[in-house]
């Protein structure tokens, strides 16, 4: 019976994931599965607290900005070794940052170094016109355990963004040996170097062992020389790809795997009742209904947007479609992030008011093109089709005609909603990368975007101001103000924060769910 | 005691949704050792079914029932159990079929098809069997027999295939050979070859031969005794010469009158039987041939006609037979025929050629 | 032209049909990428014949010797490879398709298998009307109805047959329908390809009589194709004997029976069984050895020499004999006279193995099973 | 024979050329491009344009096709846009799984279907006949993904008899040579690996076999019934051969020809079935991968995989055609 | 036996003979289609299939009028009964016979209304496949059978294209069609239809070529009938039987295939008109808490497909020329 593995195997955990990782070098990754692996193999200078979003020490024990707020000094942990036996030190940190900063050619492609470009903007030598000036300026190794990172300006992203696994520190020797930056092939024939596919070398509690594409499994093993607080309890950690949600559940039940991520909301309660170890991550996401003011001129009218907001019975949706613990959103970020404003304008379900507002706006005969995605589940929207059905029922109840337009998530939906102007309504969401409000509202509203179709220079200026405020307390106040402004302007309707669940076998303990999906398998163990 | 004595053989097909067909309806005939007996009749009169019934080869299906008796040298072929029948078939009684191409297994070499009988009934195997098979092929006139053993049926011409089939049939020197229209699918020149071969085989081995055919010409050249079948019954039996010289049953007469003869002149009118074989009266209701018969009298309908045995070793099944040539009745015949016909009333008024729609397809 | 060319063709000559050196070769093609022609099946290989008006020409020969192909080529149903077909003064081989189509009214065909030559989904009326419509005969439905009814009468079918379908008739009746279809257009020439060989003996006689009667009544000209010499002999004025795509002998029926000149004709005659024990017992059989050679690869010289009991070491294997006039007959044999006089005696011939041509299925012909199954 | 093979292979070249043109146009006409899939929610129009430019997708389609063809001629299929691995590598890693699955399904279908069809024909009108005909009818009508779920629920979740996902237990250390796990296990004498791989094949194999099995049962039954009525079977019976000989030598072999045709044609369908079966059983194969590649507009993978599949399809049918000539001497391949 | 009795018996038999040879003038002939229909009527499989399909069509036509609840009415959610996100979907009750679906809609009503859409998908997609396939196959068949050298070229060209279609796994073809057209009901119907094109095309072509070589085509030619007319009025009608059988069987497949496309997320996403395949696919996330949501539509699909298959098989038997006299 393969359901119960024998005592000797109790130090091997097979964890079901929804997709294959794309690449093992997190500098090149943006997909969750690649990053999940990276989090076990690599470490970053700073990292989120376990189970939360606050910045805590990682490879750096402390970090301090200078008075301008543009140069940060990191004090590094000593005695840390990479998996290949080489030492971790300030020099290694600079090698890594310079590798990213000095990237050329295909390394500047937005799909190759997505997070670097997201956070830092550009490179030492930008090869594309649309790239902004780099935020990162230089790295100086003062001594073995002290490193200075200089930036071109003050930014809310520093140092929070350095928690991202994409800023993991690699072994300089391995980078060199396996030609980590040599992205080969011709323009339409990109090939990753062997480092990125076979030899990721970090300092984390697990070492990479093998990636068996033919069996869709990726095996990590314990780093016996781990220098951190605690060595991994598991000897072997295996990620096994099972793309179908039901198949993951059945695999867990039949004992093929001892845990999996992306649990369907409907399965949360039943699995919990069966005794599985169900962990719920704090909701660190937002699902919102976007209104495109370019799509239909009527939508530029604030009254119409308010009417839409009043028309939606978000509480019913949260109650019926989202997992336990989900909340109706009052603004475009969760309340766990500093800058959340308890006093923003709210728009509670009110059909009459919605109808009245529509009448006032002269939009009684409104027909809206409502785009919604198919073939996708996201942590913030487990079942988009169901959500669409409920939202459109609500809208129809106040007399807005809805023309539903289903599109495949990739490429159609993302294309349609983020570039064109054919859409009036659509819904989308965001999961925070790190614990700063700008990562939520800034990404959405700090400039003109086709997704929303509005231009509000005053709002954009306020965002700029917040981003470049070095003092965090002052920045948080600005965030609150921004949230209030946004909710008054009502570019879209925030709908919900939904807590994604992750499940483990009945006898697996030690993992703490993280809002940033930064679960640390090093602490996982089988209870006897 | 004859080699084979068939008595009152009947075969009935009952099928759901279809009318019950009595394909063979009380056939009796006998075959002596070394004799060639012909079964002649038009399509559908039950010739093949008779032979298959004797061989025990009718499909084993519910709804097919066989009655009567077929005494072959003391064993009743119709009653013997299946395993014993398998021993008899191919060894004591063998059969040749009409279509040589479809009767040979297309995916097995000729040699194998010959040797498998030899090993089944004569215990030969390996080289001995192959040698014997080659000898058999040689005997039936297939040139270069050792090479042919490896060939497949489709690589042989029609005549050669039929020879191969004959070789298989005579492999165990059966005492009785049943040939069901062995030459119908062949050209005349090939037919002549095959008939000659059959005659030689019968002459040399003393095998009795039941020759099934619809060609009276073939019968005239081969058979010792002839049985004419109509609608599942023997309507006339006689030795060959008397039958052709003096047919008594109107059906036999009609058949002979229908055949264009090579030695007749251009434009000699044929005298065909009107109607078609489908216009039959069930035997239970009288003479099956009555609807097509020009000598029909009232007595034809009602009771099935009895077999009449004349002193000239001839039997026929007719209440109003054609009088023998030169008999006093022959002179008076036209009158005799006309009178009862008039009485028959409605029956003769109908032109049988106007009989519609096939009967077999009607549901019960 | 050979010396067999006796009748001088005239504008409206006594011959309705004149066939000159007709050849039909079917290409055999195979190849690696593109099919190349690697040979020909010489189904008809140089035939001359003429059919006088109102007479019947009978064509006999073994299966596969090209009788049907000749008949079809004559009617231009199979395009001839070369040669001429002259029908009532009109050269058919060069006739444009449109003219040819209207010409078809005057020449009709009767087929061997009465079932397969009738469209099973047409009732008798529409079978018969089709030709009338194609040629615009009959002004309206009633006019056509009248023509059809008359034809039905002529072939001895009842009027109620009109609404029936072919499968509801017996074999003989079906053949009558086929004849009616040919007759309804009022043709001059009828090519009957094995008109009775699929029928029962008793029915066969009915149909033979019918054909005879129709000829007398309507003055039709027949080309009757059959492999049964007795049938052909019964209805034909002139008989042509074919062997491997060519005529080997042609003569008036009686003469052919009395005095067959070609060795093949003799063998054929002697092989036909006669339903008379007296005749059968007296007859001397000339048994031919082996089977008909493949028309794709016919023997050199005289096509018959491989099976001929009179074959001579000289000429036969090298020189192809042409039809020569001997008395009323035309015969293609180098040694016809010495054989007739008994000067040459037959000898024994050993059979040669003959390969049937292309009977196997090719894999391309394996049809897709029409099975359901969505696999999903 | 060799001529036939050469001819068929040569015929493949123009067909592949035509297929590649059609496919190229077809794929590039699909709305959207790979860039959206790569960037996900985070993409901006500029980033997309940059990627399109990098991938050469902003060039005229003829230029793109020319580049593809030049690579094709060197037998280089390029590399996947999504995984950045070479297309051939991807194929060699994923195709063996599909083959193992399809072969398992075929083996199950043949091993069960032919005897069952034969028995049904012999017992025509009896209970066994009705049961197998009804079973095969239902087999065709049941959606595979539903059947798969039911099979897993019973045999994996409740009875714990078989694993419910994957090709092999990842805790087994197995050497990979050909990526055919069973074969690899046997070659390296890692018996437990081979056994485990077979174990993993059972449920997906059964699910995928349901339709071929149903079809084979019915074709075999029909074909045996037809052969039983053939003249040569009667001849064989007339020879007095034993029932076993008649059955094996004369009936079955002749009945196999249509079955072989069907099996050849089933291969295409098995690939389709594999798309779903692989998804439901988390089985690593090309089916699900191609489906993903379509939504990700991974042009090189789609072009490469479909061309390879087309070649294989032709090869399989070539083998089937050749096998006819083994079963049936009348069939001359030329 | 008395004499009178014997006489009476004899009279009866005489009548019978008269009957046998009587001219049944008034009767019309029975065409092959009618013949086949008669055979069909006697086949139990056909009867079962027809009854199943009859019910199905009846439900599809009148069902939506009688359903107790609107198929898109999310009552369960309004009333707070359904919390599918938390694993709560109530089963059958007196008011809701089959309970709610995951969106709080009445499952029974959706099942009934879904019949219409399912029928539509099956019929339309089969018709699409049939129309295109028959057009391609018909042209190719006519060209190959009657068209001479040019015809053979045309035939070869068309068939190469069809072969290519056949070489692509059908589901992938459907997936890529859906990718081109976007997910919608039309897409599903087109995709499923296109997939069956090669089958219809090859079937009709093969059958037409076979028919072109028959004697009655030759007979029509010798009557002087135009080739185009021969193709249309002889060859085509006689080639249709296998195509019709296939169409019936394809109806079954189409319904299942549409369900598979829905499962892959390509199906009709518009739930205003429920369809069984979509319902089955939509039920997947809730298999753990209420498998009935999948079982109802699955069983409905299986039964319907079975009905079509039974009828198709029976028709195959009824139309089989081998069984004709």
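All chains are identified by letter, namely A, B, C, D and E, in their written order; residue positions are counted from 1 within each chain.
FYI, a contact is a pair of C-beta atoms (placed from the backbone, for glycine too) under 8 Å apart; a residue touches a chain by one contact, two chains touch by 3 or more.
Per UniProt, the chains are B, C = ABC transporter ATP-binding protein; D, E = ABC transporter permease.
It should be emphasised that the depicted structure is a prediction, and the values quoted were computed from it without experimental measurement.
Taking the definition of touch as given, a chain qualifies here only if it contacts subunit C and subunit D alike; those chains are B, E.
Looking at A-D and B-D, the interface holding more C-beta pairs in contact is that of A-D. For subunit A, the chain whose average C-alpha position is most distant is B. Computed from the mean C-alpha positions, the centre of subunit A lies at a distance of 87 Å from the centre of subunit C. Inter-chain spacing, taken between the CA centroids of subunit B and subunit C, is 30 Å. Averaged C-alpha coordinates give centres for subunit D and subunit E that are 26 Å from one another. In whole angstrom, the spacing between the mean C-alpha positions of subunit A and subunit E is 48. Multi-chain contact residues of subunit B, defined as those touching 2 or more other chains: 154, 354, 356-358. Counting only residues that touch two or more partner chains, subunit D has 31, 140, 143-145, 149, 269, 272-273, 275-276, 279, 295, 328-330.
Contacts with at least two other chains are made by residues 158, 160, 168, 359-360, 367-368, 371-376 of subunit C. The part of subunit D that touches subunit E in the complex is made up of residues 15, 18-19, 22, 26-27, 29-31, 137-138, 140-146, 149, 268-269, 271-276, 279, 287, 290-291, 294-295, 306, 309-310, 313-314.
Those residues of subunit A lying in contact with subunit E across their complex are 245-246, 249, 264-271, 316, 318-324, 326, 372, 374-375, 382-383, 385-386, 389-390, 393, 404, 406-408, 412.
Subunit E contributes residues 23-25, 27-33, 35, 170-171, 199, 202-203, 206, 214-216, 218-226, 229, 234, 237-238, 242, 245-246, 249-250, 252-254, 256-257, 259-260, 263, 309, 312, 324-325 to its touches with subunit C in the complex. In the complex of the two chains, the subunit E residues touching subunit D come out as 160, 163-164, 166-172, 175-176, 179-180, 182, 252-253, 256, 259-260, 263-264, 280, 287, 294, 298, 301-302, 305-306, 309-310, 313. Across the interface of their complex, subunit E is touched by residues 72, 75, 77, 101-105, 107-109, 111-113, 116-124, 130-131, 134-135, 158-160, 163-165, 167-168, 178, 181, 185, 367-368, 370-376 of subunit C.
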